[in-house]
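A short write-up of the structure that comes next.
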Amino acid sequence: MQHFDNDYMEGMHPLILERLAATNMQKSVGYGCDEICESARNRIREACDAPNAEVHFLVGGTQTNATVIRAMLRPYEGVIAADTGHIALHEAGAIEASGHKVLPIPHCNGKISADAVDNYIAAFRNDEAWDHMVWPGMVYISHPTEYGTIYTLAELEALSAVCHKWEIPLFVDGARLGYGLAAEGADITLRDLARLCDVFYIGGTKVGAMFGEAVVIPKAGLIPHFFTTIKQSGALLAKGRMLGIQFDVLFTDGLYLRIAQNAIDQAIRLREAMIKRGYEVFIPTPTNQLFFALTAEELEHLRAITTFSEWEHLPNGKTVIRLATSWATRSEDIDFLIAQL
Amino acid sequence: MQHFDNDYMEGMHPLILERLAATNMQKSVGYGCDEICESARNRIREACDAPNAEVHFLVGGTQTNATVIRAMLRPYEGVIAADTGHIALHEAGAIEASGHKVLPIPHCNGKISADAVDNYIAAFRNDEAWDHMVWPGMVYISHPTEYGTIYTLAELEALSAVCHKWEIPLFVDGARLGYGLAAEGADITLRDLARLCDVFYIGGTKVGAMFGEAVVIPKAGLIPHFFTTIKQSGALLAKGRMLGIQFDVLFTDGLYLRIAQNAIDQAIRLREAMIKRGYEVFIPTPTNQLFFALTAEELEHLRAITTFSEWEHLPNGKTVIRLATSWATRSEDIDFLIAQL
Amino acid sequence: MQHFDNDYMEGMHPLILERLAATNMQKSVGYGCDEICESARNRIREACDAPNAEVHFLVGGTQTNATVIRAMLRPYEGVIAADTGHIALHEAGAIEASGHKVLPIPHCNGKISADAVDNYIAAFRNDEAWDHMVWPGMVYISHPTEYGTIYTLAELEALSAVCHKWEIPLFVDGARLGYGLAAEGADITLRDLARLCDVFYIGGTKVGAMFGEAVVIPKAGLIPHFFTTIKQSGALLAKGRMLGIQFDVLFTDGLYLRIAQNAIDQAIRLREAMIKRGYEVFIPTPTNQLFFALTAEELEHLRAITTFSEWEHLPNGKTVIRLATSWATRSEDIDFLIAQL
Amino acid sequence: MQHFDNDYMEGMHPLILERLAATNMQKSVGYGCDEICESARNRIREACDAPNAEVHFLVGGTQTNATVIRAMLRPYEGVIAADTGHIALHEAGAIEASGHKVLPIPHCNGKISADAVDNYIAAFRNDEAWDHMVWPGMVYISHPTEYGTIYTLAELEALSAVCHKWEIPLFVDGARLGYGLAAEGADITLRDLARLCDVFYIGGTKVGAMFGEAVVIPKAGLIPHFFTTIKQSGALLAKGRMLGIQFDVLFTDGLYLRIAQNAIDQAIRLREAMIKRGYEVFIPTPTNQLFFALTAEELEHLRAITTFSEWEHLPNGKTVIRLATSWATRSEDIDFLIAQL
């Protein structure tokens, strides 16, 4: 039996484990103020070509989204997101718990366009009753999206321009950022993100780490006292160096991108094989998440050989499923699965 | 120039003003613990045939919605509402500010059906990821709705049954309740509300009072320490008797319903006249709010003789407008407007 | 039986009642955007010699405190207050409900000194762990205080200077402001408040109005989108002109100060008479609140002739009580009470 | 140079590292629903003799405090704590950020007594204005306290009895629980905690783990939908098995208590040596935290040989410092430090 449920099923990249072992009995100060964290921050700044960026390490994605958003918004503001965005659906109301409304706009394969955002804000500003409504104070996108799709550089530049036009920040949830950077046909780099976003994060949990998300604020000081807000949000790890170790390893010798590339390569192999076998692609994706619409028969067959996520039941009787590869997926696992299809 | 912008343009019913004058220099204890408030509570209990009901007086509608909802929901819960519901759109995020998500479902002329609620909750409970999502913990409806429509008794009974089936409370926003009770063809009474809802309120602000909403909790004790939560929400009026006076007058000799009836009668006259003149009804409503879709020419003409609200611009070039009558609308105002149409 | 429980037992000044009657059936737009509100704002600007000030009308004191504080603080910030401050004790946790800690410092007869604030902030900034603690982001004082005492101009100037030194705003709760301005020996004026505070409010509820507090922001724009935050806080009155009417009357021909003066004059008469009769002053106050420490016998005697608040039981067996006069207290009530002492 | 700053300076117990390595490339489901987590839960249930207990794994202490408290309190409620409690001071306002006031009562060496709690609640309930104040809805204690002291079984039983008397839950912050269980003269066991508390947690971060706190709810179901509230609080670890592994190892063959015992043994050796050298004990403690009051000379001397925390400057010119041992402290480190004293 194979397992392609999601991209956080294994532990951590072996080099991280090695580094954990090598440093285990060292003593260091807490809360990310140690030297390994500082090294990791510098490597990230370098990778982003953003020498003055602030870099903060948090533990998980929902936590990071909620902490960044509540730190940036004022009480009267909400955050624009795709209606399929993680913060809109699958964070158990974490954004609202901090007092802010998620302002959903319809997605297109998980993405929102600069035009859609522009129209939304323009309509809001023209509404007679705008001051009785939640002010759109931020744009949130995930890259890759929850549907495995990615933004093009042109699309990101357009979103960034719209945000600047309306003077609100652009925040990119990069929980799966590695897979976005390594995706087929991807033209967005870390430097582009640092240039075009106000805040973004580099996901570790799903790309080689045990846990951890690195928040990058290209213009240091944008969020005053962010450290304290992180602490208040319960998002400050006491043994902060555990986060430093992971990101220091991931950003040494290009490991982060290299292991992300593996997930993409394996996903492409699996996708091509499934298409050849006649499986219907539901949403074409260039990343590590593959969405197929299966007949009842196909579903039954696939269930016998691997685990995966069931996403949605279509009116035509088919079931949308997701298979996810990861940094840890082995070629032989894909071979084996393909052989059994 | 006439004014039909909304139903809160005038002050208060003259009998309330009289009572204010008559009691003005009396001294009483604060916070609604005085005798006039107690008398008003008893009159409301009687009108609702709910002798054990708790009755609390708050100042305004948004305040009441936010206070009731935060008092009833637990952190993991959200409130189902029509996507056009006041709490979903026009309360500046008051519900989210208290930590809870509004869970919007598509409206039908401002209403939501028992089936729609049932399907929404059933789908939620069947979702693999339900425990990563906001638990539907309450149903909110407004009666009349923001579109001037009303629920039938059968519809309310069905909604109440669905709420009981899923063991969540039903909350009715009655900011315009008088106009719903007095509406053409209305078959819901205060007794029905007390029998079918867990909490509802009787709107004063829009139906004869200066301000004030009377929250009715038919089963006393449902919300523990609600008084303190009202205080914490900034919703406790120091000179509480001002609220008691208003509701005591409104619930003496059937004044509340009688003045609501005037708004309905005048609305019907106006509607019929406008239909005769060829104006297109946008949503047929039996209450004091009338919605028409006007051509540019009609719009210009109407603007010259009265003020009103502009609601929406239709793709066909027409503009949806709302005219609202109230308890204070005079027959001669309607005559005058009709004459000029 | 007399009643000196508090200063919000009567209705409203007769001139307000007159104006309500005179304007009752006029139609006006809602939410404080009408002409009467604008007139009231201008009168307040003039009285404060602050022609550019923003003026907002809210309904009650707890509501105003909570709304202003949440509008001004960022998530990592709390508000310094006397440990006897209204927000620290008697608002049912309204400030915390908006996510912010009240940082109490020991009071001296209800007041806090510039030095105490300075020391508190200096100690905080020197604490090794300051970034794991709540940042003091604002100073709140009440004037008069909950103990009926008042700040001198020199004290207020010192507090203002400390706030500027640490770059945090000074907020003055003026729920009883009239009685502070009119107090014996008072040397603070509205102009001083406008010059020295970042935000303050002029209490109506306890000084002649039915309800209502006028928030003054001397430097307009200090709180962006405050209108929307007021709406979100449930603090925006639909029939906003009711607030405008009250403040327009109170700020016509010096009525506000004149009626406040009556409360002071009557309080002085009562105080002197009680001292003559041998009652022990607990805290000497120059305003409308009088605090005495009574023996059991005195307490019993006083209970037979008037109502009042019981404040505290002293270790020496005496009971601290409060008698409050108001704008509405009549000379003959005081005569009568004195006669019976 | 030695380091005794705190008890979270090293990584993790070597057996945990081994287990991480052994299981690293296994695939498992997320969010703590895997078999290792289930095994860890069972070991904890057994150690607590609480076969029906719910056990949840969270990442850190502040996060756990905030999540448990917000999950249990209703809006009108606050939590009683020592004024030195972690939640009162060093969590950056995390409790207030969730809307609840911390109600501080004076500590005695970091502890609060059942009598103090009883008196506080009795006074609250007798206060005329109780319903304008925050309802004491929970008692929070830390064991060991922030001052390294511990409760006796009799004291815990008395606190538990007071909580039952007033019908509010008792919550024990066990961030350093191991050191409390293993302390000199300790008579509280895990079974006692499970018997006497409504919720408590077993700290991993400071006692052998990389991170992680195990929340125990002896009566399952006490907090409905706690899983979703954990998710909403950003406290749900995606790769939940990392927490399961750590607690599974710590609760195998009594490891947790055994390594805690080491910290105690080393602390006693250090304490006795320092007392012999004439250092003044500031607070006598039976756990791994030692507090001394040093002269300027002693301070300078100690700074040359080890790092530690500076706690407080006393009026007599002495400085209070804290030295903390841990599960990882080696005998030779203590030998070395003692030799240099």
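Residue numbering begins at 1 within each chain, and the chains themselves are lettered A, B, C and D in the order written.
The definition used in the following text is that a contact is a pair of C-beta atoms (placed from the backbone, for glycine too) under 8 Å apart; a residue touches a chain by one contact, two chains touch by 3 or more.
From a predicted model like this one, the values you see are computed outputs, not experimental measurements.
Visitor: Comparing A-B against B-C, which pair counts more contacting C-beta pairs?
Guide: B-C
Visitor: Relative to chain B, which chain's C-alpha centre is the most remote?
Guide: Max centre-to-centre separation from chain B belongs to D.
Visitor: Where the centres are mean C-alpha positions, what is the separation of chain A from chain C, in Å?
Guide: Computed value for the inter-centroid distance: 50 Å.
Visitor: Need the CA-centroid distance for the pair chain A / chain B, whole Å please.
Guide: Taking the average C-alpha coordinate of chain A and of chain B, the gap between them is 42 Å.
Visitor: Roughly how far is chain B from chain C, centre to centre by C-alpha average, rounded to an integer in Å?
Guide: The mean C-alpha positions of chain B and chain C differ by 33 Å.
Visitor: Touching two or more other chains, which residues of chain C qualify?
Guide: Residues 75-76, 91-93, 97-99, 131-133, 228-229, 231-232.
Visitor: Which part of chain B faces chain A closely enough to touch in the complex?
Guide: 75-76, 78, 89-93, 96-102, 128-129, 131-134, 309-310
Visitor: For chain B, which residues are in contact with chain D within the complex?
Guide: For chain B paired with chain D, touching residues are 70-71, 74-76, 98-99, 131-133, 135, 224-225, 227-229, 231-232.
Visitor: Which residues of chain B touch chain C once you look at their complex with the stated criterion?
Guide: Counting only chain B, the residues touching chain C are 3, 5-6, 8-12, 14, 17, 20-21, 23-30, 59-64, 66-67, 91-94, 97-98, 205-206, 210-211, 228-229, 231-239, 242, 328.
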